[in-house]
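Across the two complexes that follow, chain A remains constant while its partner is chain B and subsequently chain C.
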Partner chain A sequence: MIKFIQQLINGTSIGFVYALIAIGYSLIYSILSFSNFAHSTFIIAGAYTGFFLLTAVSLPLPFSLLGAIVGGILIAVFAEKVAYRPIRERGNPTLYFIIASMGMSIFGENIVIATIGPKFRSYPPILSVTAYQIGGISISVLDIMAAVVGSIFLLMLMYVVNKTRQGMAIRAAAFDLETVGLMGVNTNQLISLVFLVAGALAGLAGFFLGMKYTVFPQLGNLTMKAYVAAVFGGLGSLPGAVIGSVFLGIIETIIAGYFSSTLRDIFVFALLILVLLVRPSGLMGAKREDKV
Partner chain B sequence: MGYLLGIMTLICCNIIVVIGLSLLTGFTGIFSFGHAAYMAIGAYSAAILTTKLGVPFVLALIVAVMIAALAGRLIGIPTLKLVGDYFAIAMLGLGETVRLLLDNGGKLTGGARGFGNIPGKTAFPIAFVIMVFSVIVMRNIIGSRYGRCFLAIREDELAAECCGIDTYGLKKTSLTISAAFGGLGGALFAHYITYIQPIMFDMAKSTEIAAAVVFGGLGSLSGSIIASIILIGIPEVLRPLYQWRLVFYGLLLVGTIVLRPQGLMGGREFTIQGLKNAAQWVQEKIPGRGKGEKR
Partner chain C sequence: MKKAISLLMVMTMALGLLTGCGSKKAETVNVGYLVHITGDSALWGMAEKNGAQLAADEINKAGGILGKPLNLQFYDGRGNSADSVNAVKKAIEQDKVSVMLGSNLSGPTIAAGPICAENKVPQVASFATNLRVTSDDNNKTLPYSFRLCFTDPYQGKIISNYAIEKLNLKKAAILYDVTSDYSSGICEYIEKGYSELGGTILTKLAFRSGDVDFRPQLSEIKAQNPEVLILPNLYKENSLIAKQAYDLGMNIPMIAGDSYSPAMFEICPELKEYYTVQHFSWDDPALTEIKTKYSAAFKEENPELNAAMGYDMVYFIADCITKANATDGETIRKAIETAEKVKLTHATITIDPETHNPLNKEAVILLLENQKANFVERFSPSK
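This part shows the complex of A and B:
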């Protein structure tokens, strides 16, 4: 039983990190209707920025965390301006967005390998060693921090989306981007804002992933799992992304804990294909019909 | 000379795979980022047939192509019902799943360590003849009634369906043919390189294939062929910059889509007449500045 509760806690903690990534996927999907695979690049940017700020510059933790967020934002907004905007302005099919985002994700991963190197680098042990023991269950400080900081950011995002003018514009754009443009919203600015938010969350997630595991160029591949979580929760739905992520985190940890970790990876992809076949709109996604 | 022939053999294997994906992406408008999976299926089935069961090479090739086609068909039945980028995602998942299954295949596939001692049957002349044959077959498919239906699906699926085209069935056909070409390329590749590993058919390979199709121009068979020669040939020449290869592919994908989405050939085919026209066009434009691409 104790083992099970331990797995549950570990799973929830990784689920929170997935949620930060999955929200980014969902947010961009809800506005531009494509899956932004370049998200992995934003994660890597955050993880490496945080790493270098902590080691080479030896900034204190909160500032490094902030730096990681800024790193994610810069790459995200840059990617949008350079690659997605020209495609959008030409009015090309979504296929082109996917190809470009895939290209960017491959570019990002490999430019890190070619310049910084393929080595695994571990964050300096500031937090992760200490763990609280409660009745045989151990909770690391890092897990608590990830959950708390992650929740704060998610709540802030919920507030912005549901209560502010910009949030209303985002929700309206998710409904119909073109009409929102006609109603006088600056859509280019709005899309930049969405990428900014997605990049910030990705940078934060990258920092946590780097602390939890290590930093390495393929770190971005973990976003595949967050992506599966976003699809599972329903692409385009923010609460769905959070629920899907926590669920996936828990299931994944339990499978790895009781069976094997290879089975875990196969399970994640099997779940993706299963969800796409049975219910492509996911748990909470809106039913999408093809427009003519 | 042997080295050069080796690269040319490799290019021939890759051309077969790339024109396979070209049919699916360029002509039917379905994007796949897991096409290396079909190559892996072809490579492993042919290798198991010749090495473990002692089947003759030619027969193994035919069976491998059939297995890959069957796999494509079976995968297509559920996944092609998905719309838009969901299919691309499903293929991505499929590519990774096939690789993971091969990794854990035990004695049959040799696991992550790889599968060795495959007889080196793919000599350059054989690969070249099969490649030319594949290109001719593909050209005929594209020129046929099927090919025109594929184009109709690419341009507007709804309108195609209204014209009485069985879009779901034809998309399955397209994927099946595409997978068969992938399997053929993979089987030839396995018998050239004589040692295969699941990691050879990873995302990077799928990217390479997709980059060749996009760079060559969606909807241009000769573009795909020219692009595969360039994309396989250049990294071989620039071996010291090997780790920059994928950086280059990524940049090429983004750059092509952003700057010239119609690709190298822009949906046109390479013909002698086209070459003459281009030469004439260049001559006319030399005094003044060109207007850019005509399309």
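This part shows the complex of A and C:
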């Protein structure tokens, strides 16, 4: 029983990091209706910014964390301005967005290899206590921190989306971007805002990933799992992304722990295909015609 | 008259050529050494070459081999198979070497193997750890190929023997990379060793390369309560595993293969009771002399460990040629095959005639603790 509870905790903590990635990804999908593969680049930007602020500049933890978020935001907004906006303004098909985002993701990974190097780098040990032991169950301090900070950001995001004017514009744009533009909303500004939020969450996720698993150019590959989580939960739905992520984290943990990690990815992706067949809009997703 | 002069000239030239060849063959022992001194792996190739040169100079100062000077020539394989094949062809066909040493890379060494075999020139690899260096696809031993390093899977034998015989840790758990040949090869030998020596593998769990979270597997392992955690993986994964194991409250000894890197302490500063199996270590007191000589000769404070391998390779072949008392490839081949207890600086080598790999070769055991690698001892399995 203790083992099972431990596995649930392990899975939830993995799921929380997936959630930070999945939400930003889901948000961009809901507005622009395409899979933003460049999301991994935003994560790497956050992870490396945090790393350099902690090691080279020796900033304290909270400031480095903010710096990582800013790093994620800068890259995300930059990517939107340089790559996506020109494509959008020319009215090119969605496929072009996907290709551009794949290109950026590969570019991002390789520019890091070329400039910073392919080596694994580890965050300096910041926390004096790394884990609490309660009756044979261990909870990592970093996981608690990630859960708390992550929840604060998610609640803030929920508030912005549901209660503010900008949030209303985002929700409206998710229904129909063109009509929202006709109603007088500055769509370029709105899309930049969405990328800003996605970049911030990705930067935050990158920082936690870096602290937990070291920093390396392929760190962003984890995004693939967050995509799956977002589809589970229902693309375009924010609570869906969170639920899908935690669900995926727990399933992965239980399969790797009780069966075999060789089966883990087979099972996860088989489940993904099943979800797409039986319930194409995911657990909580809105009905949509085209899904990429 | 003109005709006579030209005939005379041709004859002198031919005579010159003949004596040239004859005298060279009679006076020196020709040994070729395939090194990779340009390309990606130049750093290690250069160290090996310099180490070998150091040994050759010493041997020649002491009177050479069989009363003749040792003529050690280096051939650059540039770290790839095609260049290595050409280099070895040149060594054998033009320079008529009796034996071919090297290299430290498996791919080029495997590629050069057939050329050596065709010309009946024995080949002795230095750091090529791939199984195919000394055996073909059907696991049949290649008659002309040998090596002085131990193979990757052999580390599994060292790990299991050391854990049981020296550390008395009979209940083990394995966490390995199911997508890596290196990892699963070692695993096989660990399991064999454990069952032969009366130990138990409580559980053997896998992960996939690229994974960064090992807590699901570690939680399962913790529930089984093993005495030791065996990790035949690369350094990055092992440091993350150690870190996550400590976080889960698992404080048991760990044993790994030759995947040590000082960067491990960056990822997991609290690393303790972590044993690693190495081919060499500069912390081994026996190697101090080579290091001092090397540093003095080449002005390098911290040379790569390949320097010691290059040095010992030359002494090994000198010993075999002396015992063969001949310089033809076939006789030397037999001498290498039956080499027994050849005392070198880093180990005492006996070649296994069955496999052409060193038999029960000693490995260096390092203990990682207090943020540094500590030399424990040299260890070879008892059987």
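Convention: the second predicted complex is superposed on the first by the 287 of 292 C-alpha atoms of A that agree within 3 Å, B and C clash if a C-alpha of one lies under 4 Å from a C-alpha of the other, contacts with A are read in each partner's own complex, and residues count from 1 in each chain.
In this text, a residue touches a chain if its C-beta (ideal position, glycine included) is under 8 Å from a C-beta of that chain, and two chains touch if they have at least 3 such contacts.
Everything numeric in this text was worked out from a predicted model, so none of it was measured.
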### Query
Once the shared chain is lined up, is A:Pro125 touching chain B (first), chain C (second), both, or neither of them?
second
### Message
Quick check on the superposed pair: does A:Glu178 touch chain B, chain C, both, or neither? Answer first, second, both or neither.
### Response
neither
### Task
Tell me which partner A:Met102 touches in the superposition: chain B (first), chain C (second), both or neither.
first
### Task
Classify the contacts of A:Gln218 with the two partner chains as first (chain B alone), second (chain C alone), both, or neither.
second
### Message
For A:Glu89, using the defined touch cut-off, is the partner it touches chain B, chain C, both, or neither? Pick first, second, both or neither.
### Response
neither
### Task
Go through the superposed model and pick first if A:Tyr258 touches only chain B, second if only chain C, both, or neither.
second
### Task
In the overlay, answer first, second, both or neither for which of chain B and chain C A:Gln6 touches.
second
### Query
In the superposed arrangement, does A:Phe269 touch chain B (first), chain C (second), both or neither?
first
### Message
On chain A, which stretch or stretches are contacted by chain B in one complex as well as by chain C in the other?
### Response
262, 265
### Message
Please output the residues of chain B touching chain A within their complex, sorted ascending.
### Response
29, 31, 33, 78-79, 81-86, 88-90, 92-94, 96-97, 100-101, 103-104, 158, 203-204, 207, 210-211, 214, 243-244, 246-247, 249-255, 257-259, 261
### Message
Can you tell me which positions in chain C touch chain A when the two form their complex?
### Response
178, 205-208, 210-213, 215-217, 219-220, 222-223, 236, 240, 243, 246-249, 263, 266-267, 269
#### Entry: chain B contact footprint on chain A (complex, rising order)
33-35, 82-83, 86-87, 90, 92, 94-96, 98-100, 102-111, 113-114, 224, 227-228, 231, 262, 265-266, 269-270, 272-273, 276-277, 280, 288, 290, 292
#### Entry: In the complex, chain A residues that touch chain C
2-3, 6-7, 10-11, 14, 119-122, 125, 130-131, 133, 136, 138, 140, 209, 212-214, 218, 221-222, 252-254, 256-258, 260-262, 264-265
